[in-house]
Amino acid sequence: MTAQVLDMVKFLWAHSVLQIVIVFACTLMMVPILTWVERKVIGHMQVRLGPMRVGPHGILQGIADGVKLLLKENIVPSGADKRIFVLAPILSLVPAMIAFSVIPFDHWFYITDINIAVLYVLAISSVGTYGIILAGWSSNSKYALLGALRSAAQVISYELAIGLSLVGPLMMAGTLSMVGITKAQAEHWFLLPQIVGFFIYFVAMLAETNRSPFDLPEAETELVAGFHVEYSGMRFAFFFIAEYANMVLVSSMATVMFLGGWNPPFQMFEVMHVLQKVPGIFWFFGKVAFLLFCFLWVRATFPRFRYDQLMRLGWKVLIPMALGNILVTGIVLALLK
Amino acid sequence: MFGTLFFYYLFFMILASAVMMVTRKHVVHSVLYMLLMFFHIAGLYILLEAEFLAAIQLIVYAGAILVLYLFVIMLVNIKRVQTLREQLFGHLPFALVSAGLLCAGVVTVLARETLLKKPPEVVARVSTLSNPEALGQVLYTQYLFPFEVASLILLVALVGAVLIASRKI
Amino acid sequence: MSNAFKKFIRAVTLVDLFKGLALTGSVWVRSIITPRQVLVTRPYPEVKRPAFPNFKGHHGFLLNEDGSLKCVGCGICAGVCPAKAIRVYTEEGKDHEKVVVGYEIDAFRCIYCGFCQEACPKDAIVLTRLYELADYDNRACYRWKMDRLVEVGKKRPLFRDEVNL
Amino acid sequence: MSTIKITFDDKMYETEPGLTVIQAADRLGVFIPRFCYLEKLSPLGGCRMCLVTLKGVPKLQTACTTPAKDGMEIITRSEEIHKARKAMLEFQLAQHPLDCFYCDKATECDLQDLTYLFADIEHRYDFPPHKRGTVYENRLIERNLERCVHCERCIRVCGEIQGAHAVNATKRGRVTEMREVPGGGECQYCGHCIDVCPVGANLDRLFTYGGRPFQMEMGDSICPYCGCGCTVSLNMRDEKLVRVRPGVDTGVNKGSLCARGRFGWGFVHDPARLTRPLIRKEGKFVEAGWDETLLYVATRLEKIIKEKGPGVVGGIGSVRSTDEANYLFQRFLRTVIGSNHIDSSARLNYAAALAGWLGTKEDAREATFENVREAHRVLVIGADPLETNPILGLAIKAMQNRGGTLWITDPRVTLTTRLSNRHFPISAGAEVPLILALARAGLKDPSLSEFRDTDLAARTGLSSEDLAELAAFLEEDAAKTVILAGRGVTQAPFGATAISLLLRLAATKGASYLFTLDKNNERGSCEMGVLPDRLPGLAPLSEKARFEKAWGGRIPETPGYSAYEMLQAAREGKLSALYIMGENPLVDFPDTKFVEEALGSLDFLVVQDLFRTRTASMADVVLPAASFAEKSGSFTNLEGRVQRFPSLIPTEEGVRADARILVELSRKMGKGFALKNIASLRAEIDSLVPMNGTRRKLEVMGPPLSLPGAEMHWGPGEDPDYPYVLLLTSSLYRNGSMSNRAVGLKKAQQKACVLLNEGDAAVLKTGEGDKVMLISKYGEIQVGVKLCHEIPGGTLQMPEGFSDANPKSLLPHELDQVSRTPMARFVRVKIRKI
Amino acid sequence: MTITLEHYILLGSLLFFVGMAGFLIRRNVFLMFMCIELMMNGVNICFVSFSHYYHNLSGQVFVLFVMTVAAAEAAVGLAIILTLYRNRETLNADEFRLMKH
C-alpha cells in the first residue's frame, strides 16, 4: 500500500503534476501571509500596530480578508464592457501563476527547465499587463482608465530596463536556462559583479509590480484605487493575488539571476561549505523572503514618485545605466576570455 | 499524432481569431483577438522548433506592440472610435476580388508544388546547439550587418515617433 | 572637496535612500524588541481617547430627580436649530397636560452647534462628549429617538470635571 | 372733502375720513400696539396699549376709540407713551402665567411679541396670580382663563360677527373670566374666538399640543364642504393635516370659518380612507393594484359596450370633486364610452335651479357675498343659509348689523328663521304657490291669470295681507335687495318654473338673486357639463361639433338620462353599468330602497370615493380617490367664483386623484387623453369654455318652461295613517360622508334627532331623548326626540346628513317633469315609540 | 497524416489574405495597422516553416528583422495616428483627405 502510494507520488513528481500543485498552492498561500506581513511590518515601521483583531496579533487577518472577498458581491458597473471586465482579472492572474513553471527552487525542485526560460518569464509577465489595461478600460470609469494608462506606459518603459539588466547575468552564465544560470553561481553570485544590474533590476522590479514608490497605477490619493477601482469580491481578489504572485515571481527571478538561487552564500571559501548542509530550498526562500521584505521596507520608507519623475528615471537613468552595464560586462568578459 | 492535432488546433485558432479580429466592431475587441492569435502563432513557432522566436513573438508583439496599440486607443476618444462610421460593403467587392485573385495564385502554385514535385525532405539536424544559441551564431556572424541596420531602424523609429507624437503638427 | 562634488557623491552612492531605509529599519527592529515603548497608536475600542473639554457630541436628555423628563416639549430647540434637525412631538395627556411623546434628532442634519442646549429653558437637552455615534441599526444610527437620548443622558458624564470617558 | 390730513410723529399723511386714529395708523403703516382692538369688531378701549398723545390734549388717549380728525397731530412714540404702555404690559404679565413652553399660542402670540418689543419690563407686583385654571366646557375650544388678557375680542366676535353670544365675561375686576354662557347663546363651533385671541386663552382642542408654526407648513386651499368656497389655510406637520384656519382676511370668508371648515378636516387622515383599489371577486372585496384594477374596469366596460352598446353605461359625477375632474368625467363618458347618461347629485338642487335659469329670458343680477353684506333687505325662500352655507349666513348677519332686514318664508323653524326680522311660516311644500302669488303681484303676466290669489294664499297658508306685504317687500329699494332661494324651491314640483318666475321677478324689479348650494362644487360640476343634456359651459348638445373637434371623438346626439332616470333604467334593465365618481346615492338620494334596488340590478358598478361608503360597498370595483387637500384643481362656489387650489399633502401610496384615475382609465380603454397635468387640463377647459365673467345666456338658453295647472296639488296632502309631516332640515355639523368622519364635527354634535312639538310629544307620551321610530310609506328609521315649542303641531323636523339616522330613506322620489329633480323636502310619517 | 510545408504555407497565405481583406475593408486606421501586422505574421509563419523544413536559420533571422520593422512601424504609425487624430478628430481613413482638396 505504502509502496503504491510512493509510486504514485513518484509518478506525479516525475510528470511535474505534484510540483505544479505544490507551487500553485504555495503561491496562493503566500498571499494572505504576505498581506498580513506587509501590514504588520509597515505598521511597525511607521510606529503603528497593524492588524490586531483577527487572531493573536491579527495573524488570521489575511484569511478574514479572503473570506470577506469571497463572500462579497461581484459588481459589474453599468456601461462596462462585461466580457472584458470579467476577462481582465483572469488575464492578470494566470500569467503571474504560470511564470513560476521555470523557476528552480532547488536543484531537484523545478517544474521544468527550458532553454529560453528567462525569455519565457519576460514574455509571460508582459502579458500580465493586459489584465491591468483591460480592467481599467472596461470599467467605464475615468479613474480606472487613467490607472490603466499609467500602468501601460510604466510597464512598457520598465520592461526594457528589466530585460537589459538581466542581460549581464545572462552573458556571464552564457545560457537562458534558469537552472543553468543558478548552477553558474555555485561559487560566485552574480550580485557582486552585476551590482549595477541588480540595482537596476531591483528598481525596475518595484516598478514592474506597481509597488510603492512606483504605485502610480493605483495611487489612492489621486486615482482612488486605479485600474481595479470598480472591482469587488473575487474579481478584485484576483488582482490582489496576481500582484502578490508577481512580487514573489520577480523576487524569485532576482534570486535566481543575482543571488545564486538555491546556492548558499560565500561558497568561494572552503569553510563556508558547511552551509550546504542546509537544503537549498531554504536558501532560496530565505533570499526571496528578504527581497519581499525589501519591497515592504521600501514601501514604508519612500514616498511615491511623480509620473514624470518615474518616466525620467526609467528612460534617462535606468536604461542608459543598463546599456552601460552590458557594455562593461561585455568588455570585461571579452578581456577575461 | 499529437503534433498533427496541435497543428490543426493552431491552424484553426489562428485563422478564426484573425477573422474575428478583422470583423470586430470595437477596436479593443480586435486587439484581444489579435493577442489570442499571437499566442497561437507563438505555439506554432514552438511546433516549428523556434523557441526563441516564440518568446520574442510574445515579448515584442504581445508585450510591446499590442500594448502600444491599446495605449494609443485609450488615448484617443473612445466614444468617437465606437461611433466610427464604416462603409464596410463599399470596399467589399474590391477586397474580395483582390484577395481571391491572390488566393487563387497561391493555391495554384501550391497545388503545382504538391502535385508535381515531391515534398522537401526534412534534412537531418546537424547542429547540437540549442535554438537561441544557433540563432545567435547566425545573427552575429552572417547577418551582423543587417542586424546593425535593424538597430539603426529602431533608433530612427524611436526618434521619429517621439518627434511626431510630441510636436503639434 | 567642493560642494558640487559632495552632492554628486551623495547622489551616486544613494546615501539618502539608505539613510531612509536605515531609519525605518531601525524602528522596525526596535518595535520588535520593545513593542510597547515604540508604538504610538491606541487599540481604540479597548483604550479610548477622552474627548476635548469643549467637544460637542451625542445629545443627551436629562431627567428630573423623580425620573421624569425635564423636557416639556416647548419646541424652542426645534425652532432655534439652524439645521432643522430636531423634531418634537407633543400630545395632550390625561389631565390636559402637555406630554412629550416623541423627540427625534436627525444626526445627519445636526451640526453640533449646541444651540438647542443654549436655548433650552429647562436645561433638558445637553450635548455630551460622547463621540461614538455608530450603531448596529441603520435607522437608529441617524434618527436619535427619545429613549436613546435619555440613555445617553443617563450614563454619559456631561461636565468637564466629571469627564473621564 | 375726500381726504383729511393727519400727522403721526411729525410726519404728515393724508387719509380717508371717518376712521379712528388706530385705523388711520394701520392704513398708513404706523405701528401702534394693541390687544383689544380688531378692525372688524367694535372698539373697546380696554387694553390701553394703544395709548397715544394728541397734541393739545393733556392726557394720553386710546387710539382705537378716538376718531381721526383733519389736522390732528398724533405722537405714537415718546418716553411717556412707552412708560404707560410698559406699565400696562407689566399689569398683564403680573397676571399672565409664563407657561409659553406649554402654550400652543407661543410664537403666534401678541403678548409674547409685545413683551419682546418692551424687553426691559420690570416685575414689581408680587401678588400671587389668581388661579383660575383651564375650562373645558366647550367640546372643541379650550378656554385657558389664566392666560386671558381681558381684551374681550372673543366676546365681541362671538356676539357681533357670529351672533352666537356663546362667550361672555363673568365676575369683575382682575378675576374676570371669559366663560361659556350657560343656557344662553349656543356655541356654533366656528372657532372665531381662537383666531382673534391675542394670547393662548382660546385654543383649538383638536390641535392641542400639535406643534409650533415653524414645525408646520401652511398653504391655502378651498374648503370642501358647502357652496361658499371659503379659503382655508391648511397647516400640515410631517405631511399630515393638523389644523385648519381661515386664510388671513382673504377669500369669500374674510377671516371667518364655520364649524365644518375649521373642525371638519378629520376625514382626510381617517383610518377608514381607502388606500388600495378593491375588486369584488366572488362576492368579496379583494385588494388589487391600480393597473390590474383599471384594466379590469376597462375590459368590463368594453365588454358591456360591445354586447349592448354604449347606451347602457351611465355615470354619476361628483359635486365634491373638482371642476377639472368633472370635466374629464363627462368627457370620458361622452367620448370614450359614448354615452350621454351623465348626472350628479347636483340634480337634487342646482340642476333644477339651472333649468329655471336656462328657461328664463330675462337676465337677473346674480348677487355676490359682498352684495349680501351691503344689501338693505334679503328675502329667503325655502333655504336655511345659516345651516347650509354658514359664511353666507355671516354675510346676512353683517347685513342685519348694518341695519338691513331679513325676511324669510319657510315652513320650518331654523337658525335662519330665528334670526330673521320676519318669518312667514308657510305650509309645507308651499314655496311654488308663494312664488306664483308673488309673480302675479309683480309681473302682471297674462299667462298667470288663471291662478286666483285667494286660492294661492290658501295654499301657502299665509293671509292675503302677508302676501301683499311680501310682494311689496320686493318693490322697494330693489337694487339693494337680494333674493335667496334654496332646496325648498328647487325640490318642489315645478321648482324650475318657480325659479324661472323668481328670476323674472328679480330681473323686472332690479333685485339680485343667489341660490344656496349645500355641496362645494354643485355649480362647477353642472357648468363642466356633468348634465345629461348640456356640454361644458352649459352648451347645448347641438353645439357638439366644437367639442368633438377638440376631444377627437363622437358625442351622442340625444340627451341622456338624468340621475333618477338612470336608476329607473337600471331597475328596468336598460342600464347595465354605472360609474359613480365621488357620490353616495344610497345615502344622499331620496328613497333609499329604490336606489338600492336600482344599484343592485346593475351588471357593473364602479365607485370612486374616499371611503367605503354604503354605495361603494355595493360596487364591483372601488377606486380610492384623493381628498381635496391631496389634489389640485378648482371649485366653483355658489356665486360662480372659480377658485383654484393646490395639492398640499402628498397622496398615500395607492390613492390617486380623480382626474388621474380618469386619464389612466381612458388610456386603458384605448382612447387616452393626452393630458399631462391639471394646468394643461385647465387650459383645455378655458379654451373650450370661454366664460370670461359673462355667460352667453342667450346662446345657451333653453325653451321657456311650462306653468303648472291651476288645479295642481302642492302639499303633503292628507293621510290618516301617517298623521305627521316630516320636514327635512340641514345641519351645520353634517353635510355627507366626509363630515360624518370628522372627529371635530362628531364632537360638536353626536347624533341626529327629530324635533317634535311639545303638545305632540305629550300625546305620544315621549320626552326629550326618547327613541322613536319614524315610519313612512317608503321606509323607517329610529331617531332620538328633541322637544321644540316653536314647531307647529303635526309637524316634525329632522336634519339630513347624519350617518346614524338618514331621513332620506323615508322620502318618495317623484320626479319633477321639467327639471327631473326628485320632489323630496317632506313626507308624511307616523311615529311609534320604542 | 504528416504536416508538410504546404500546410504552413497555406496557413501563412490565408492569414495574409485575411489581413489584406481586412486592410481593404476596414476604414479604421487602427484596424488597418493591425491588418498589416496580420499580413506580416502570415509571412513570418512561412519564413519559420521554411527555416524548419530546410534547416536554414536564415528564415528565423528574417523573422527577427520583420519583427524589428513591425515594431518600428507600430511606433511611427501610432505616433502618426495620434497626431492625425489630434488634428482631424477622426479615425476614418477615408476622411484623411487633406491633400485631395
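Annotations
Letters A, B, C, D and E mark the chains in the order given here, with residues in each chain numbered from 1 onward.
Heads up, the rule we're going with is that a contact is a pair of C-beta atoms (placed from the backbone, for glycine too) under 8 Å apart; a residue touches a chain by one contact, two chains touch by 3 or more.
It should be emphasised that the depicted structure is a prediction, and the values quoted were computed from it without experimental measurement.
Steps from subunit C to subunit D, minimised over paths through touching chains, total 1.
Grouping of the remaining chains in the absence of subunit B, by touch: A, C, D | E. With centres computed from CA atoms alone, C is the chain lying nearest the middle of all the protein shown. When the C-beta contacts at A-C and at B-E are tallied, the pair with the greater total is B-E.
Note on chain placement: the centre of subunit B and the centre of subunit E lie 6 Å apart, centres being C-alpha means. Per-chain CA centroids place subunit A at a distance of 87 Å from subunit D. Between subunit C and subunit E, the centres computed from C-alpha atoms are 66 Å apart. A straight line joining the Cα centres of subunit A and subunit B is 29 Å long.
Under the stated contact rule, the graph of chain-to-chain touches is a line, running from one end chain to the other without closing. Pairwise, the chains that touch each other are A-B, A-C, B-E, C-D.
Those residues of subunit C that touch subunit A in the complex are listed here as 17, 20-21, 23-25, 27-28, 31-32, 35, 38-41, 43. Contacts from subunit B toward subunit A in the complex involve residues 26, 28-29, 32, 35, 42, 51-52, 54-56, 58-59, 62-64, 67-68, 70-71, 74-75, 78, 130-132. Put simply, subunit A touches subunit C in their complex at residues 41, 44-49, 52, 297-298, 300-302. For subunit C in complex with subunit D, the residues that touch the partner chain are 72-76, 78-79, 87-92, 96-99, 121-122. Subunit B contributes residues 3-4, 7, 11, 14-15, 18-19, 21-22, 27, 30-31, 34, 37-38, 41, 44-45, 48-50, 52-53, 56-57, 60-61, 64-65, 68-69, 72-73, 75-77, 80-81, 84-88, 91-92, 94-96, 98-99, 102-103, 106, 110, 113-114, 119-120, 122-123, 125-126, 134-135, 138-139, 142-143, 146, 150, 153-154, 156-158, 160-165, 168-169 to its touches with subunit E in the complex.
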